[in-house]
């Protein structure tokens, strides 16, 4: 695989090495202004990391020029354009393309991803939440009501920005919730859970910011419809052949450190016999399985390459 | 106030300055072996920071020698000795003293604390969870069922120990849950909520470890029985005269950094209209309001001194 | 003491609580635009935390209106206006006022500070470097040549700014030097060392950024002219009566954690018999003894109050 | 390459996955007790990560059984057994083997490493200090006197141990020097510098602990014997063909974050015209180029494989 083109409106003209301070690739590239025609000439696959709204336009142009497109924005994640509009304040200009797009949760939609030319790469929180929930809802092993997702993210989820709120002295030795009951990943989670459950599912999703660079830890509370053992075995069997999802035996608790730098998701579970609730615990590296790693996994699927090509499985520890 | 005696079995003979590397007091003290008779000679108030089981014995001896005792262990927190025994694996040898002890959640039991000679200083997680919940349950503004407490703590909650699991390279850049559905603060929280609700309350409580030194952030999910505004006003009014509890207007989210180094608890709340759930957010400094600060507040109440004597209100920021 | 007026051009109109998210004072204040006449009406002492260049003007106006002024900028730190101009690129408009200003290194200039109406509050790095060096140079116990200061600072030294370089994900898990051989605190250190030595002293000063919020650790390499013991005793005796400077016995190494949140400076020293060099180790909290704490200490001296009024001596640990 | 055997006296019987909590290899291995005969049967190359003293014995046995040995202890780093004895308090039992061992600073001794059967893998601090210094001393571009190394390390350098001093709450938000003028890497650095200079070189080396997991930043002060440009070009040319050492143009300052997770060393330099000193800045990841990465690089050289086989060059950032 060859990276032929990296674009940035703001940093046009800089080399990758200049921008990062180190060489992220074994060869040098200059950041160029995003021109679909130029991209189309040089590339077979395009990864879109542009704001929502803009991604629609780029995707439309690149797909029509024959590229496979993996969009990391939210533009093609929500099948219902009115939900998209309600949460993002932008109307969807390409509903046909939207219908064609496949939600890129690799383990769930591998088959469809492999045949698609436009992938909506999932958000980081949805990835962490959906991997444990989708198979359980699908098999009716948990109730589709009262699902509560309390998720904690490292700071890199916010991107590389000049903002006081992201400064070391604001984030370090702090912990906070944010966008309580209003985070845009909510409808994305609900859309996929509804599809899995075959009926409308509502979730309560609370994101938090924790003083670490990478990682998401999702603590998910559900009502079980089967025993802890049955639920464990169902999850374990569902992911048995999947290289990046590990299901831990009941009571074992995953740690973010165990997936740092990898494309893995680790899932733990425990029944609370006192309240009858099942607690699902899910960890990913938000920058890998939660973003660019899953994007590469999707490219691998689209290109018919081994699913785990170029994707690390052993964590950077410590 | 004068500190007359500091004990430590393991570090007997060391000076405080030697042990800490700095002088925590304006005068020097030598760590001595804990001898109730010697303590009783020199002190009016004793703070017990010894393991559960041991605390019972010490409390008994010191109270009978006329001291006011503030016990930071769990030995007098659970009114029902059988619950204590079930969770701590130790039987209670002084049920009479247990009946006499007052649970030291200062804002809730100020009246009783001021008349007591034995205070069970609350755990850190219970303090963070109970301050928002008790007044609401008491006023029947939330349902007593389905209460979910997802709490995140800094590392200092584990104490100063030589343990691989507490090492910098294990904790930093990690996030994990621990003691899922089995933490000993669960019965303590339930006991107090049951008392407030006037009936049995069960909670699901999940503690997590976050890479910061101090602080607890509790995200609490409840079913409201009144509007967001009514609940906010009830909490605000309840704490209006309390120097250390602040209730933020609906939608404002507290941060751990805002209470670091203080004896404060800050409470936020938000209704999720989509699911009908109310989210309560509560932050404290686990070492101050969650431990020694509340202990001093209780001493102030017991001694008839101003409640906030010697207790910081402005955070160490950054 | 009463804070009567807090100014901010950028945040005019906000309350202190709004700006910080918490109440830093027991009463509320609104940030106002800096107007010398308004300030003069309400205050006896003014602390200037404005950019260099601007501070000159403000100081001139406030002093002429009868206020005692403590300037935290660099405008009055360098007695020689040409050195100021060379390093700061601004000319000094008030050379007379500059001659009158006293360098606010409290332990060294207490006498003069107490009689002054304009204090140039020292920089954070100079404070950490000068406290061990000035008495030794003054007593000719170390050579005035080949002084090397390798200093490490927490991130708060950079202020509260929206900058990518200060973002959590840039600073955490990183360590870097900056402004190598070109930091503006160099002439400030040299000016004071030259005064102490009675002749020109040049130093090599290298600042570094370390992933913590507060604190400076200065490792200083000098050629000793006396034994380790003599140097230790000289320092110890010099600071014997000073409440905020502690000299550790030879070989004991200070830690930043021991002074966090305090106005203290701790000094360690060790002779390397193999190379004959003496290593001086000095730690301060850059926000307290390195900035606002020393400013308050200077106010105390100017007002004839106890030097340590309102200044913490016990660290926030952990 | 296949890992055939991993030993641990303390953890014998545990699987690697059990010990780490994750699978560091694509296949499972059980930790076994170190038995040279068993190791010799299964392996061609052995990496020794055992205490000094023990390493001697293991190396002797394994080499005599025909294995190539890469020793990560200090046992074969110091050519002079009396220096070894003086600093490590252990006598060297195999002086002949010691004479044969090659110091594994890959870029400097590649030729000899490729022909050796016993490599003394360098310490982390020596690697960071020697890479910039050795070529300059060798070409007489800096003076062999008055070399000062002020180095800062992440916490992982101390290993995975249950120690209060390594606990999160001790290390985080702290900065300290340790083993001032007495660290055992001093004679190792001196031995190699003396060899490069063709005469005895003494250095003053001060290690510090900084609150990050990985990385070493070495600030090195020397007297230059040529211009900044000449020194830069000499270093740049020396490392021109070396895949893991980068020399930055004068004035550019390397960051630890730029080498995190890689086997790289980045070197910066700057002349201070005011004092005439040259400042060399060197960064490595202490766990990779400073330990296991360099060990693998040495194995590659010994086996005649490409030097950079299996070794990452792009940092984990953030």
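Should a chain be cited, it is by its letter among A, B, C and D, assigned in written order, with residues numbered from 1 in that chain.
Note that a contact is a pair of C-beta atoms (placed from the backbone, for glycine too) under 8 Å apart; a residue touches a chain by one contact, two chains touch by 3 or more.
What you are looking at is a predicted structure, and each value in this text was computed from that prediction instead of being measured.
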Fraction-based call for subunit D against subunit A, same above half, different below
same
Quick one: point me to the chain whose Cα centre is farthest from that of subunit D.
B
Report the inter-centroid distance (CA atoms only) between subunit A and subunit B in whole Å.
38
At what distance in angstrom does the C-alpha mean of subunit D lie from that of subunit A?
38
Where subunit B and subunit D are represented by their mean Cα positions, the distance between them in whole Å
47
Give the residues of subunit A that touch two or more other chains, as numbers and ranges in rising order.
156, 169-170, 172-173, 211-214, 255, 318
For the complex, give me every residue of subunit C touching subunit D.
146, 148, 150, 152, 154, 169-170, 172-178, 180-181, 186, 202-204, 206, 208, 210-215, 217, 219, 221, 251, 253-257, 260, 270-275, 277, 279, 281, 283, 318
Mind listing the subunit C positions that touch subunit B in their complex?
20-26, 156, 173, 213-214, 255, 258-259, 261, 287, 313-318
Which subunit A residues qualify as touching subunit C in the complex?
155-156, 160-164, 166-173, 211-213
